[in-house]
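Which chain is which? They are A, B, C and D, in the order written, and residues in each are numbered from 1.
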Amino acid sequence: MIVILKQNPNRDQLESLVNWLQEKGITIHSSVGEAHTILGLVGDTSKLDIDLISALDIVEDVKRVQEPYKNANRKFHPEDTVIQVGNTQIGGGTLTIMAGPCSVESEEQVVAIAKAVKASGATMLRGGAFKPRTSPYSFQGLGATGLEYLKIARQETGLPIVTELMDLSQLPLFKDVDVIQIGARNMQNFDLLKAVGHQDKPVMIKRGMSATYEEWLMSAEYVMAGGNENVILCERGIRTFESYTRNTLDLAAIPVMKKLTHLPIIIDPSHATGKNWLVEPLAMGAVATGCDGLQIEVHNDPAHALCDGPQSLKPEQFDPLSKKLLKLHETMKGLEG
Amino acid sequence: MIVILKQNPNRDQLESLVNWLQEKGITIHSSVGEAHTILGLVGDTSKLDIDLISALDIVEDVKRVQEPYKNANRKFHPEDTVIQVGNTQIGGGTLTIMAGPCSVESEEQVVAIAKAVKASGATMLRGGAFKPRTSPYSFQGLGATGLEYLKIARQETGLPIVTELMDLSQLPLFKDVDVIQIGARNMQNFDLLKAVGHQDKPVMIKRGMSATYEEWLMSAEYVMAGGNENVILCERGIRTFESYTRNTLDLAAIPVMKKLTHLPIIIDPSHATGKNWLVEPLAMGAVATGCDGLQIEVHNDPAHALCDGPQSLKPEQFDPLSKKLLKLHETMKGLEG
Amino acid sequence: MIVILKQNPNRDQLESLVNWLQEKGITIHSSVGEAHTILGLVGDTSKLDIDLISALDIVEDVKRVQEPYKNANRKFHPEDTVIQVGNTQIGGGTLTIMAGPCSVESEEQVVAIAKAVKASGATMLRGGAFKPRTSPYSFQGLGATGLEYLKIARQETGLPIVTELMDLSQLPLFKDVDVIQIGARNMQNFDLLKAVGHQDKPVMIKRGMSATYEEWLMSAEYVMAGGNENVILCERGIRTFESYTRNTLDLAAIPVMKKLTHLPIIIDPSHATGKNWLVEPLAMGAVATGCDGLQIEVHNDPAHALCDGPQSLKPEQFDPLSKKLLKLHETMKGLEG
Amino acid sequence: MIVILKQNPNRDQLESLVNWLQEKGITIHSSVGEAHTILGLVGDTSKLDIDLISALDIVEDVKRVQEPYKNANRKFHPEDTVIQVGNTQIGGGTLTIMAGPCSVESEEQVVAIAKAVKASGATMLRGGAFKPRTSPYSFQGLGATGLEYLKIARQETGLPIVTELMDLSQLPLFKDVDVIQIGARNMQNFDLLKAVGHQDKPVMIKRGMSATYEEWLMSAEYVMAGGNENVILCERGIRTFESYTRNTLDLAAIPVMKKLTHLPIIIDPSHATGKNWLVEPLAMGAVATGCDGLQIEVHNDPAHALCDGPQSLKPEQFDPLSKKLLKLHETMKGLEG
């Protein structure tokens, strides 16, 4: 951490800062320039509160050199994290394909879709029982009943299930779920993050719509600080000025996360763009960029059911896509070798 | 609502859409052009799910004409909402000044600050007991004890208190609070919004860092749909590419909210900018733009305590600012007259 | 185009609007609802100035249905545009690889790099002679001399050259260039766009840092309206809140442009991210997403020369990347078939 | 400037960097930590090219401490710049009100508006002769003829004129203009900036839609580096995710610019929002925040003429606004005293 002092800093305040830092085991190197004095802080600065130091009258600016996350940091954990989920794994060179409907609507629907996506190569079933909706007048999901239908679909297909937890009061219902998803809007619901950090199901954290890489990793850090190391990241588009697509899918997040952290990263092209004709090209792009998996919305009858977003693929559209994704993943492995 | 159809839409699907809309009491006017057929939907479209219609194969685009919020909409509630809080009110031509520390640290601290800000003209005491922090290693607030200290400060000064609720499990502790604050990161924590909609304390909703005006109003609508009409909006800066300030304070939100809704709007220049030297000019600007009040961070000893953000003012800085704000508010009233 | 009128519009103004539209050959369908009257405008609305109509007192909002660009619009020109440049072509199923230094520094440098990138599979040489720099104190490029060096490199290798034109006064110097590049900062330099529309060299338009898809296509339309149909689009990252990378590369631009326009699209991962270790994964992602080509910075000695950005690859890094890109492009063709 | 080195940097490269810096008169302080070595560079770093240093293999990151602009920097020029324009001045405690039509349409129009706005208190006449339009099919302005009409209006009213220069080839026509405006889209048209830096008319630089404060000041630096110290800044809204308003007006730019630079700052609420009902509240807010002036669009007959944007005020709307602005400015002076 680097602390840039204002010109002619008050000596008492400077001494008090230096003492406080030294008590915390930080060594200080100072460079005195004409315009500025710069303090280089050496030691474990990850637990120093940058805001506290910035608040001081004598400080002009503080810049981090070391990342504020530890458990999620690849520097301290160089090997990729691989997460076992049912009979499949996430990370470690496999391509995870999570497919299924945005909302669970009925047992028949979710079982039919689960069978279809399994046949096409999906390795996990996604589906929402508790649904975050911007309008209080929109369908809010089937809740606990939806979770039951998902479990039936799992029983019928063997596909592990991933579904969203919206509030910590729902946590007891999620005991039998395979992966708990934290939605983009809850990425900084810190009480929820702490709660899933104190249980042992894998947790997939979707990136908030305006979350920086560092904030996203700090949310992973919240879960890991509670003792749960099985964290998966999911990029689902960030909010930008461009409104033609719902959000802007940031595929640079893949190699950036590969560098900064050891956690696996999944891409959700369906929610990112909100348009089903963009799912295929961006899913292909994501695989070639090096993601560990994809989350794709599949619905068996969008037009008649009037119950799903325009980003869903039909099973007959998902099938060739899934096969292309797997072939591309094989090709990519060959190119690496 | 306007539905733009693709060229040569499938006749069966079109008929099915038309029947479905008519069942919901919607009248349809169609304009057939060379390239596009356009359906104008007339009636109460606020409860139609725009995503459901967009999902249809025959639909190219759907555009709203009517706003999706009802209770919060000024069109259906033309008079300003005025909210009584203790012996003060929010809205209705008064200038509410909520001042106090970011975090409650001790009884002495919060009582001292409460007395100081009251003497300077503040009408409410703000202070955080439960603190949303991006790092799990940062101070998370005093919790229930912090709430007790706030109540003591209220008893000593008569200032009503506003403080943040982070999770619905904490709600029982907030029974004796005057205004419940929903933080920017929880603006779309829909379970939390529903919970505060089913109790009767006024609720202040901070705008999410990347929330549109409509999304913000839909969050107010969540609370109001539960029966709680006492909602206050608070603009605290949006996330943009500019990183010199923490966020970009959007003062246009004031007149826009005055047009779209009848709810009062408060401005928080402290969190918006993250720099205490920007609080005064932007607070003055906010008053001249027409806000109903301000939320300003005041701390009695930022430098020594190392416990508050660089956006806090000291009581001796807050005092002249508060007086200027009240004078400016008087001048503005004179200019309107 | 859809015009939404305010409630109880002034009859004279409405009549005057209707007459004005009819004179322009527009047919009008009106839907009268309780809250709003909606006018559906049918006919060629691409030359109607949306701002003029929005300015009317009686108009609440105007929404476009038809795109405001014509020459660039795939609806009116369904086949892909393929542009012949020297002995290579851009578009039409080929993968164009434009490689070379950010700035031309010397004849030796640019010839050496040109030979290296050609050997690795590049099909065009890129290099800047006139350099847009944010600081007036930074190196501004070799200018006309730099153009001469590029031409020598072309002579030595046969690679066509693409280089940036910054001001229309420089146009005479560009007579012998193969493709004229318009930089992101000049995307809405309309006088420059008109100038290159009135000459016959192909023009590559980089997307402005905060340009929407529609604005980008309108810039292409400026060039095409002048008579020059040989326009290439180049996505190079948009400005967002994320500052870890220089910009956010928007790969959705590839399929979106493929749908909206017939013009070829090139991706520049070097400028988008500003980090050379992100070039490979994003270049691979771009090819799998379906781009027509890439623009990649290659420099022969970044460390010693102190003369190029941290986004440059060395020739020995570019060589395996170029080969992977070509193999991936072949695989993608196979998957399409 | 602070240079953060990678772990175990190559010794030869480090030595070569150190020598290169020392040759440029820079003194180096190094702090060797466990994870990183940090070099503190002391001396005049404003002319060091940050990209050159970042490009080195041994460098992990470079952070500026000193601003990269010199002539525009308040640190080196503490007094406010005051610019004399005709019989009025910009900066120095006056409130400049630039009013007039977006486009000059006829002599009658611009003379009538000039007379009206002068009577209401405007101190300068604005009007566009060369118009940057996103569509090649929109009205592009009257060009040289428009400039003549502006001069006639100046003669009739005594109001100095400010008008936009779009390309350096038009510069000879601007000899008799009072203030040359550089539009937001040309903020980084560096050849244009250089050209206006080599002549002596005051130059007003509009902030680019996605320009940071630093980039904006670097554009001012371009003009000042050419010898022209008479630069005015104009904030006109930045591009964000919010699309209800055309752009987001950033009033924090006022106090930030007051801190970073000595140049005057003008606010344009008309273009920022694109809605005429937002002009008054934001203009009032801008004055209370401390701006040096406003640029406001006024048109005498928007509805009939079909020739101006929805952001224009009529003279009868501008008149009371202008008077309120001047009263508020007086009040603000009183509050400062």
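The rule we apply is simple: contacts are C-beta pairs under 8 Å (C-beta built on N, C-alpha and C of every residue); 3 or more make two chains touch, one makes a residue touch a chain.
Quick caveat: nothing in here was measured; it's all calculated off a predicted structure.
Colleague: Both chain A and chain D are touched by which chains?
Modeller: Looking at chain D and chain A together, the chains touching each of them are B, C.
Colleague: With chain centres defined as mean CA positions, report which chain is farthest from chain C.
Modeller: Farthest by centroid: B.
Colleague: Which chain pair shares more contacting C-beta pairs: B-C, or C-D?
Modeller: Of B-C and C-D, more C-beta pairs in contact link C-D.
Colleague: What whole-number Å value describes the gap between the mean CA coordinates of chain A and chain C?
Modeller: Using C-alpha averages as centres, the distance is 31 Å.
Colleague: Could you grab the centroid distance between chain C and chain D? Build each centroid from C-alpha atoms only and quote it in angstrom.
Modeller: 27
Colleague: In whole angstrom, what separates the CA-based centres of chain B and chain C?
Modeller: 39
Colleague: Using the touch definition from the top, which residues of chain B touch two or more other chains?
Modeller: 210, 239-241, 243
Colleague: Going by the contact rule at the top, pick out the chain B residues touching chain D in the complex.
Modeller: 210, 212-214, 238, 240-245, 248-252, 254-256, 259, 272-273, 277-278, 281-282, 284-290, 324, 327-328, 331-332, 335
Colleague: Would you mind writing out the residues of chain C in touch with chain B in their complex?
Modeller: Chain C residues touching chain B: 2, 4, 27, 29-36, 38, 40, 42-43, 61, 63, 65-66, 75, 210, 239-241, 243.
Colleague: Using the touch definition from the top, list the residues of chain D that touch chain C in their complex.
Modeller: 13, 16, 20, 46-47, 49, 51-59, 68, 132-140, 166-169, 185-186, 188-192, 194, 209-210, 215, 218, 221-222, 225-226, 239, 302-304, 306-310, 312
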